[in-house]
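These notes open a run of structures that come right after.
Common to both upcoming complexes is chain A, partnered first by chain B, then by chain C.
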Partner chain A sequence: MKRRFIIGSLGALTVAISLASADIAAQGRGGGGGGGQAAAAAAAALPTPKRPNGVLDFSGIWVQTRPRAEAVPAALDKESGNYTNILRSRTGSPVDFERDSGVRQRVVPREAKPWYKPQYWERVQFNDVHGHSLDAPDPDFQCMPAGVPRIGMPQEILQTDTEMVFLYPLHQRRIYIDGRPHPPESQWIGTWFGHSVGTWEGDTLVISTVDFNGLEWLGWPGWFTSPDKTVTERMRRVGNTLTWQATVEDTVLLRPWSTAQQMRLLNTDPRAELEEPLPCIERDLGHIVTKERG
Partner chain B sequence: MRRRSCAAAIGMAVTLLAPALQAQTPDLKQVLHDMANSLGMLRTLQELDSVMTVEYWGTGTLREVGATIGPAVQLKSYYAQIAYDFPGMRVDMTRTTGQREIQVVSGAFAWNEIDKIGGGLDPAWASATPAMGAVSDRLLRLWTTPFGVVKAAVAAGDKTKVTVEGGATSVTFPLVNGSPGQTVYMVVGDLNGTPVKVTLNRDHRPERVEVRYHDRVVVTTYTGYGDLNDADYKADIFLPAHVVQTVDGQTVLDLTIQKSNTYNPYVIMPVPEVVQKAR
Partner chain C sequence: MKDTLRWAVVLCGLLWAGTASAHHALQSQFDTTKPLTLKGTLQRIEWINPHAYFWFDVKDDSGATKQWGAETVGPAALRQAGFLRGPASFRIGEQYTFEGFSAKDGGERIFTTAISFPDGRKVTIFFGDAAGNR
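Let's turn to the complex of A and B:
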């Protein structure tokens, strides 16, 4: 997410390149990623493996189903070496990128928005306008962890009979599946990723997470949270596909809010590896002169 | 006799000119595109309608319209939020006397929020009073805004027509229920079929919107278009700085818009339970 804001200091071209890098990294060494609907359907038709203890096996590197060409609308002429930068703007040029992207990223239908209680509407609006400043910092913009569920699906899952480890770029979470409860509230310490326990509902892993610090946001347009937030994630493996959706409850919300459902495909290359992501270092804040952000 | 020959001459002239006039009639699709584009609604290479919510602030004068038209009252502040996707509109007006009124419409529901924006949604946060009789008036206010008429004209599909009169391009259409894309879900309620005529200025932006509604002629004029967002928050989306509305020729609203946020701000209008029960 941080890559969105690099434009302030390095320019839009850098943004496109970093997007490309991130997507390539997501596929891991050895490839096997990409796909689209046909690939997802084929992957779903494969047998779903189980562990010796009878539960589904979520282990593996999970890659995005979105084709890279769709994620990075740019073209490289291999013969000339010319790079045509096609950004998501009216003209495809970097000139309009910031404003167009800022407008487009906020096109969220009413039902897909978290419905905050009215006493928090002004705060959401303020966060949205000032999200790249110290007045109301979007934690993601400042290289802070995205938290749950904003961080989305893991890139890789390591699974034992008692726990799962979710690996994300620069971050990891531990999901206890040994039947333990959450610690009592008196022992909560407030963290970015909270305390997670998983249980099985049939073939669906249901992850309950509590004990947040309230600094994490649900999304880019100023969607803040409180330490009262609880998150329920539902993950299901069918063949070599993994689907995920999270529902958030919070005292600042009028009603529970759910993320869009996401899907990833298993990277079936036995030699696949995750590349080490570049560190996130905040260098832009002092150079931003407007409230525009895309 | 003289009159008859004159009429015949005009008729012949019209017949002769008809192909030329027809050729000059602009392409509807192009006109709708130019309207949306000139307002800054179209973004990305695919030129998607990207204006879903807006808010703007202003001052002016207002006359209440009922069976009769009331006296002019000075507004200390006028703050509007519009969500075209559902649709909904909230207008928060404070008179110079200090009296405040927050009028909301959301789909088929209308209500007034008491004292605070969002009243009636949370027991700890003010209250709301149903105003179901105002649904049509408030939806009309929403769909006759500059962005609203573009979306409504698109929603009307092949019922939308374009004409050129005296050098000015006009688009006419009936308000209809429909869902012409990701950013708008048309709800017009009792306004269904109400005819709207939009006359464009030289920049293809709505300049005059005329609606014949309940035996009254409501005309809204929009002038002084500009990006009214703060100087450090420009979006290249354009709103009129001056809005004048007349009913049967009498001015009922004269509004100066001073500031806007057109970056699809967080604007929602959930219907309070007390209002849902009033249906």
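Let's turn to the complex of A and C:
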């Protein structure tokens, strides 16, 4: 006998999806498992651990995780077996849903945007319009590394006496904290994440990164970069909180540009596991007909 | 066996689940006003970001086989839809029916909004048309 699972209870379903909840990595706002400011204050009040050599220890998982046993789809109604997913969009139409998300990417306060030199304004606009086409592809759209600082804060940090390893879903960065300098410019090779060294200013780790390949963007709205880009990140651990902010200098910019400051809380679950990241493979670029970036 | 279990999995819109890399607007590649239904033999699954793909062979009336690609939401969204075991939820070589939108460039691609399994189970992973009708 065939089991027929009928979508008969559609009328009872409210169809919508909560976007942000799906992205485990997007923990930028306080990052904790809820509780907001109170949780952050409590986390900051804890002692800040140090390594045996006296250096502050940034090790840990800095995103929230969920045990596999809890990986039941959130929208499942266990009694009826139906799924109810709530889409937060203006009209419930998938087209508007996409367009709205595109608008949200661009709505940035004027002061928070990178200020390009006038001779580059047309190129930024061209990138913005054509970022999902072969004409000026956003590298992130092509599944290329996001680069620094676009990739943001790491999911996990491992620390030794000589380096910190920043672990991201598909990439890692090495921040050398043993006092070594950058290689001289004659030995630069141009990479997605550059060469990073970290020095301490009090309890703040100041990370200097140079030697980029100039292919990455600062952000979605066509914000390209050049190989001259240098990035300075400031990272500070207070108790179980970790704050981060990056400042970018580039010859294509009128003045330095800083990201917003972000903060994460330490994941204190001793059994926390980060999920295996899936590959990102771009298969649609050759099939895009309408230039719409949503 | 839960005969009374009715699985109506409804996922509306495209989730930027997990990563926004390479995600593009649905309507830039597919025509939401041109629905399509195809039945074929599942050959390959790509459980990848930003969109998962099901590659399947469709036989036409003359018996000739053409390969089609069913593109859908990303793995994190598929998991939210109930495919907790990922690609293991499917069986290569079985007959699946894919409903969705046609490709604007006329190629053998479909943006999948519903998948019917060999046992008759149907899972809708997208719901609503361009006008917001349900």
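Rule of thumb we're sticking to: the second predicted complex is superposed on the first by the 232 of 294 C-alpha atoms of A that agree within 3 Å, B and C clash if a C-alpha of one lies under 4 Å from a C-alpha of the other, contacts with A are read in each partner's own complex, and residues count from 1 in each chain.
Simple rule for what comes next: a residue touches a chain if its C-beta (ideal position, glycine included) is under 8 Å from a C-beta of that chain, and two chains touch if they have at least 3 such contacts.
Owing to the predicted nature of the structure, the values given are computational and were not obtained by experimental measurement.
K.L.:
Given the touch rule stated above, what does A:V103 touch, chain B (first), chain C (second), both, or neither?
P.N.:
The answer is first: A:V103 touches chain B but not chain C.
K.L.:
Considering only the touch criterion stated at the top, classify A:T290 as touching first (chain B), second (chain C), both, or neither.
P.N.:
both
K.L.:
Going by the touch definition up top, name the partner, chain B or chain C, that contacts more of chain A.
P.N.:
Counting residues of chain A touched by each partner, the higher count goes to C.
K.L.:
Please indicate which partner A:Q142 is in contact with in the superposed arrangement: first for chain B, second for chain C, both, or neither.
P.N.:
A:Q142 contacts chain C only, not chain B.
K.L.:
For A:W121, is the partner it touches chain B (first), chain C (second), both, or none of the two (neither)?
P.N.:
It touches chain B, and chain C stays clear.
K.L.:
Going by the contact definition given at the top, which residues of chain A touch chain B in one complex and chain C in the other?
P.N.:
73, 89, 91-92, 96, 99, 102, 289-292
K.L.:
Under the definition above, what is the set of chain C residues touching chain A in their complex?
P.N.:
For chain C paired with chain A, touching residues are 1-29, 32, 46-51, 53, 69, 71, 75-77, 79-82, 84, 103-105, 107, 109, 119-124, 126-132, 134.
K.L.:
Quick one: in the complex, what on chain A touches chain C?
P.N.:
Chain A residues touching chain C: 2-10, 13, 15-17, 19, 22-25, 71-76, 80-85, 87, 89, 91-99, 101-102, 132, 140-143, 146, 169, 278-284, 287-294.
K.L.:
Which part of chain B faces chain A closely enough to touch in the complex?
P.N.:
Residues of chain B touching chain A: 42-45, 47-48, 50-53, 83, 85-86, 116-119, 121-122, 124-126, 182-183, 230, 232-237, 261-266, 268, 270.
K.L.:
In the complex of these two chains, what residues of chain A are touching chain B?
P.N.:
73, 86, 88-92, 96, 99-100, 102-104, 106-110, 113, 115-119, 121, 124-125, 128-129, 221-222, 254, 289-292
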